[in-house]
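There are two complexes below, and they share chain A, which is joined by chain B in the first and by chain C in the second.
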Partner chain A sequence: MENLESLLHGFTIAVTVPHLTLMVIGVLLGILVGVLPGLGAPNGVSLLLPLTFGMQPVSAIILLSSMYWGALFGGSVTSILFNIPGEPSSVATTFDGYPMARDGRPTTALATAFGSAAFGALVGVILITFLASWVAQVALAFGPPEYFAVYFLAFASFVGMGGAAPIKTVVALAIGFAIAAIGIDTVSGSVRLTMGIDELVKGVSFVVAVMGLFGIGELLIAVEEEFSARAVSSRVDWKEVFRALGRLPHHGIALLRSAAIGCWMGITPGGPTAASFMSYGIAKRFSRNGARFGTGEAEGIVAPETADHAAGTSALLPMLSLGIPGSATAAVMMGGLMIWGLNPGPMLFVDQKDFVWGLIASMYVGNIVAVALVLLTVPVFAALMRIPFAVIAPLIVIICVVGAYSVSNSYLDVVLMLGFGVVGYLFKKLHYPLAPLVLAIVIGDKAEDAFRQAMLMSKGSLGIFFANRLVTTLVLAGIALLLLPLALQIVRLLRKPDVSAQEKVRII
Partner chain B sequence: MISRRALEIAAAVLTGIFGVVVVVSSLDNGIGWSSAGVDAGTFPFLTGIIIVLGSLYNLGQGALGRGTLAIVRVAVTPSELRRLAGLFVPAAIFVAVIPMVGMYLASAAYVFAVLALPRRRSVLSALVIAAATPLALYVVFERMFHVSLPHGALAAAFGF
Partner chain C sequence: MKITSKLLLSTAAFMLAGALPADAAWQPQKPIEFVATAGPGGGTDNLARAVQSIITKYKLTDQPVVVVNKGGGSGAEGYVYGKASAGDPYKVIFGTSNAWQQPLVSKVAFNYTDLTPIAAMAQDEFLLWVKQDAPYKTASDFLKAAAATEFKMGGAQSKDTDEVLTRMIEKAAKVKFTYIPFKSGAEAAVQLAGGHIDAHVNNPSESLGQWRGSTQRPLCAFSPKRLPQGPKVTTSEGWSDVPTCVEQGLAISQYEQPRTVWLPGKVSPEQAAYYVDLMKKVQATPEWKEYIEKTSQVDTFLTGTAFDNFIKQDLEHVKQVAGEQGWLVK
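Here is the complex of A and B:
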């Protein structure tokens, strides 16, 4: 109950006119950087940081964290409308969000995404409020073997669920791992797979790969099919926004399950990206409509969005209580904390009660402000779908080019992005699945590092993955998730080969 | 016209070449177990081997015309190929000229060319969109977020 009192005190700090104004400004700027690919929350936060030096620490962190919420929401917009994920964590949103928008229901897709994202964030904040100390302990129990087990779990829940040919899936996954390995190896420090091109030392950024594979690749598929977006009614349809929100409780189980996955992956440093992929994979497997996933199913938007935001929110906790930044944005914010004269870590909760609880209270209020603002912008974004394809196509190309360039001011990235576009088209055309490829690019090198560090600790014995209860449970759950669908598939194949049903599944 | 068989073979050959490159260059980093733990090249080496083996399997399936998509014979028809080229070739030219003329000029010319030349839009509206695009890029990236876009060799020659 002590926490509750502190929280109420926090609300008196957060809900004041100047702080609410800061939230609105932060959220709006956040939506802008979130929508533009290439710019992300880290850019926005680092640009605003100098402005905050003269502010009270509470006001400053409210401005920066509001910007973070705005960017999280904004990242989903381009994923849904143009199949270009602005952030790694919104890749899984494209799987069902984009087909739904293309089907002439952009308003429903956006409203569903924002509604479930808000739910996920809310669960994350509630978790932070009540379990702060417990959560800090869990995060401390995580060493390299546990990290690897979490990544393994994410892969296991995702791989082998699609209708793609198994060998093509394996090839796509392996290519993703190889791309992730390009550049400097973090364990040994040696340079890998640069193939004689010095600039590749910095590695292949995820954003570059994804904008090519999804953005340009989808554009090529679209012109080939002579695609034109189905007419979207020109009226601003507010009723549709509320109807979509009203339908969310029908996905109650998916919401709760995804929020749980998200919180778990946020605390254990699996991160929002792994969380959203894992949540999508599990939802597809257990949903009654699982077979229709990938064709614009609402639950396919609910699952990744809820998990993404639950993880994004609960990931701020390790930063505050342990001083471990869980993401680039958190790292910049932590730099801010130190400049404002605060020391992140366990003592923060004792020394700076006003700051901590003001921030936690502002997470509740800030998310409500963000949802309200972002829902207001839905009709504006939905209207973008009405621009004729002939005009929007070159603009998407330019956005992808600028986005790829601005990741690290490198022209090579632009060329690579275009190359990924051709690969994306080819793979999509021939039903190589793109999702395992992207997942491997994003968390492949982290999984590899964790595995090798674990091997160093155990001097080469695999027994370290069964050394304690936590890691054993994680590994066994991963193996079960991996083998279950395989077993089911074998049973089905033995009964009757059903080719026609497989053909209908959209390969993602 | 491109048959599905040719496309499958091309894709498998491409992934296979990538796999071989990965295997060869990972050997430089050393594979196996050393005093420093698992060597840096080990994982890329294994993924490379998997890519090569998988590509060989896909190559065989594609060449024999088997697999899940065997019923579809034609992958890309001539008119589809024309539309694909219509999007991709200008985009590739756009990317190619960026180092020379810079992002702003290149994007304006690209938008104008794609919209006005095939008579998709009137020349006037194409001009307006072509002028608005680099302006929006400049305001958002260079001004608001201090992200510098390439100005190109041409601008450098004039002293920008």
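Here is the complex of A and C:
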């Protein structure tokens, strides 16, 4: 096992006092930027980047990647406690995390999230350790039609899944696609849907959209329902942290399935966001408790968190071995790599063994450090829930306004964020699902680019989506997921012929 | 305050030693914002951050410098922001030839005339790249094959520098390509390594890793003479071993992308002069040389009329290609 030997050598580099200190600093800073929405991992890492110019490359990457782990964990905190996802990939965590926290179990929700996240990250690192060279080849097989097929699969796993009527899901998706189309179109280079507002040429930032949809939208609902009457009494109990962790093995199948989805989406450059959504969708489909998803099910937290971290970790591999950044944060780190004088690409594994294996070893150690630190903070964060609503509500508004402004120092973003708040409120009131809307905003333009690039390549023939085994399998899996709920409905209708004709029309 | 500025002046004078005297007529009084018209990690972002770190290291100003990314809309976000900040000398915009090319081909709400040109600081070269195991050894082999079947050429963005160059090759070699726009050159490089496209025209730094890793190789450089020597990239070859395209019978003798620096419109000449001077000081440092070498760019410094003439020339050229392709807006 040549890889194992290299890994052990890596540990001798990573497990030294200065490097462990850097990890702790990195993780703590990461948790901080992760908890503050709008700041986020990419911004945090780019703020820290100039400080690393004088460092050894391996120390620098340990500091930055530790910050990345910290931010990934921190991003889940606000998703669970305040329904404000700090990162696109933690949106799916809000679906069950927030109801659970509201239900008086913030400690359980946070501990479950961190525990499964750590499991996902661990699987991701093990994958990198043993399959580095093979995995690098997989990513190369992905051209525009394959990219589109992956995104299609992510959408398909969501349509028709929720409790909402399928037509409402489609409406939400369509609105999301329209929002994603705002700005400059990659394929034609022309400006779309800016509605006379010059600044909209930059497009609508995801952070702005989710802070409004989730943060402000939820707040409006809460105000209407006089939420203050139900103060949340959260037990801050150390034992509960361990109890929640102890219950994780009960979700063994969900953990393994989500880790597999996460790794797959991280390597094929689908990324953590698509991974967490897909994992949540599939868990809801196949879990015994699927019907209770959305009301604070532990498995609804396990699935997206495991997949998110598995994908986030394994996404670093294509960055190192191919020079394709899997996420915005990876892109910043890649910029750093070049400034430190390293060239990401296949030769990195040959020329810079110390750097690569030091980094991989630090992923093991860094994640352990991150989990330990973040679990220590659980009671502190959980205690936040005991603050009365009348105090926390204005704080949420301030966080959202500052967060939206700091995305690109733009007042327009604040206005947009508040607008999205109203949209979020209306969606909830009219029982339209928010998840498909967010999914379409986040990966809608990528899916569109991939589709149109594929069409340019094939000169308009859809045959390109069935041109090889990989893309055919992905497309067929997507179609199967899309048709599954419809097929189930039809079976149910056939069994119970007394269901009203009206319902039949609505579904089809 | 007085002591600091005196100190600063003496360091600056010491550093310049014989270069232009520092223009003390205007000095920044509050933090300076560097606006990169690209996302984190892109070429323009790297330039802005390299300049920031040099300024900080040599304390070229006593004001802090922060870099913000406004890369939305292929950089249009940053230029629109620059236009909206008219009269504000604390916003420095880092871009490319996009500043004058983009308004030609899409309805963006700015033009380069809304900004105050400071300098063009470096020129990025273009090369013609193919997959490592492609059967063509030279550019003429490639073009011969391209005449028989329609090749897929990838590049960053649509109607931008990469596509302009692709259309120029089409015209010069009388061939036809299918152009597939991607978000960035790095993405195009990966697509070429995977064999999903047949060629691209990336800058050296965008495909350096892939060349070293033997997944793709350059056929020729769009430059009047061979690129500077530099260290070897692969075991046997370096940038200077790549023939020019003209040598290979592809008659495009020069195509370069300048990295440009701007202030918003309506700033005073003294303020503009301060930044011209600041960038000159940056360019005189060893760190700048190192940055240029690492990113395999060409060190240039165009300012004033030289920069204006460069823009006009390039604009004429792009207008011609865009006109032929029917891209011009309005």
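List of remarks:
The rule we apply is simple: the second predicted complex is superposed on the first by the 483 of 508 C-alpha atoms of A that agree within 3 Å, B and C clash if a C-alpha of one lies under 4 Å from a C-alpha of the other, contacts with A are read in each partner's own complex, and residues count from 1 in each chain.
The rule is simple: a residue touches a chain if its C-beta (ideal position, glycine included) is under 8 Å from a C-beta of that chain, and two chains touch if they have at least 3 such contacts.
These numbers come from a predicted model, not from an experiment.
In the overlay built on the shared chain, the residue A:131 is in contact with neither chain B nor chain C. Of the two partner chains placed by superposition, chain B and chain C are both touched by A:456. By the touch criterion stated above, A:334 is placed in contact with chain C alone, chain B being left untouched.
Once chain A of one complex is fitted onto chain A of the other, the partner contacts of A:467 are absent, as it touches neither chain B nor chain C. When the shared chain is aligned, no partner comes close enough to touch A:368: not chain B, not chain C.
Within the superposed three-chain model, A:188 lies in touch with chain B and with chain C [touch as defined at top]. For chain A, the partner touching the most residues, choosing from chain B and chain C, is B.
In the superposed model, A:409 lies in contact with both chain B and chain C.
Looking at the shared chain after the overlay, A:401 reaches chain B, while chain C stays out of its contact range. When both complexes are overlaid on chain A, the residue A:25 reaches neither chain B nor chain C. In the superposition on chain A, the residues of chain A contacted by chain B and by chain C overlap at 185, 187-188, 190, 409, 453, 456.
By the touch criterion given at the top, residues 39-42, 45-46, 49-50, 52-53, 56, 67-70, 72-74, 76-77, 80-81, 84, 105-110, 152, 157-160, 178-183, 186-187, 189-191, 193-197, 205, 208-210, 212-215, 294-295, 327 of chain C touch chain A in their complex. Residue ranges on chain A touching chain B, taken from their complex, read 32-33, 36, 38-39, 43-44, 47, 165, 167-168, 170-171, 174-175, 177-178, 181, 185, 187-188, 190, 192-195, 216, 219-220, 223-224, 226, 390-391, 393-395, 397-398, 401-402, 405-406, 409, 411, 414-415, 418, 421-423, 426-427, 429-432, 448, 451-453, 455-456, 460, 499, 502-503. Looking at the complex, you find that chain A touches chain C at residues 42, 46, 49-50, 53, 139-144, 183-191, 198-199, 201-203, 322-325, 328, 331-332, 334-335, 338-339, 341, 343-348, 408-409, 449, 453, 456-457, 459. Taken in their complex, chain B has these residues touching chain A: 4, 7-8, 10-11, 14-15, 18-19, 21-22, 25-26, 29, 33, 36-41, 43-44, 47-48, 50-51, 54-55, 57-58, 61, 67-69, 75-76, 80, 83-84, 86-88, 90-92, 94-95, 98-99, 103, 107, 110-111, 114-115, 120-121, 129, 133, 137, 140-141, 145-150.
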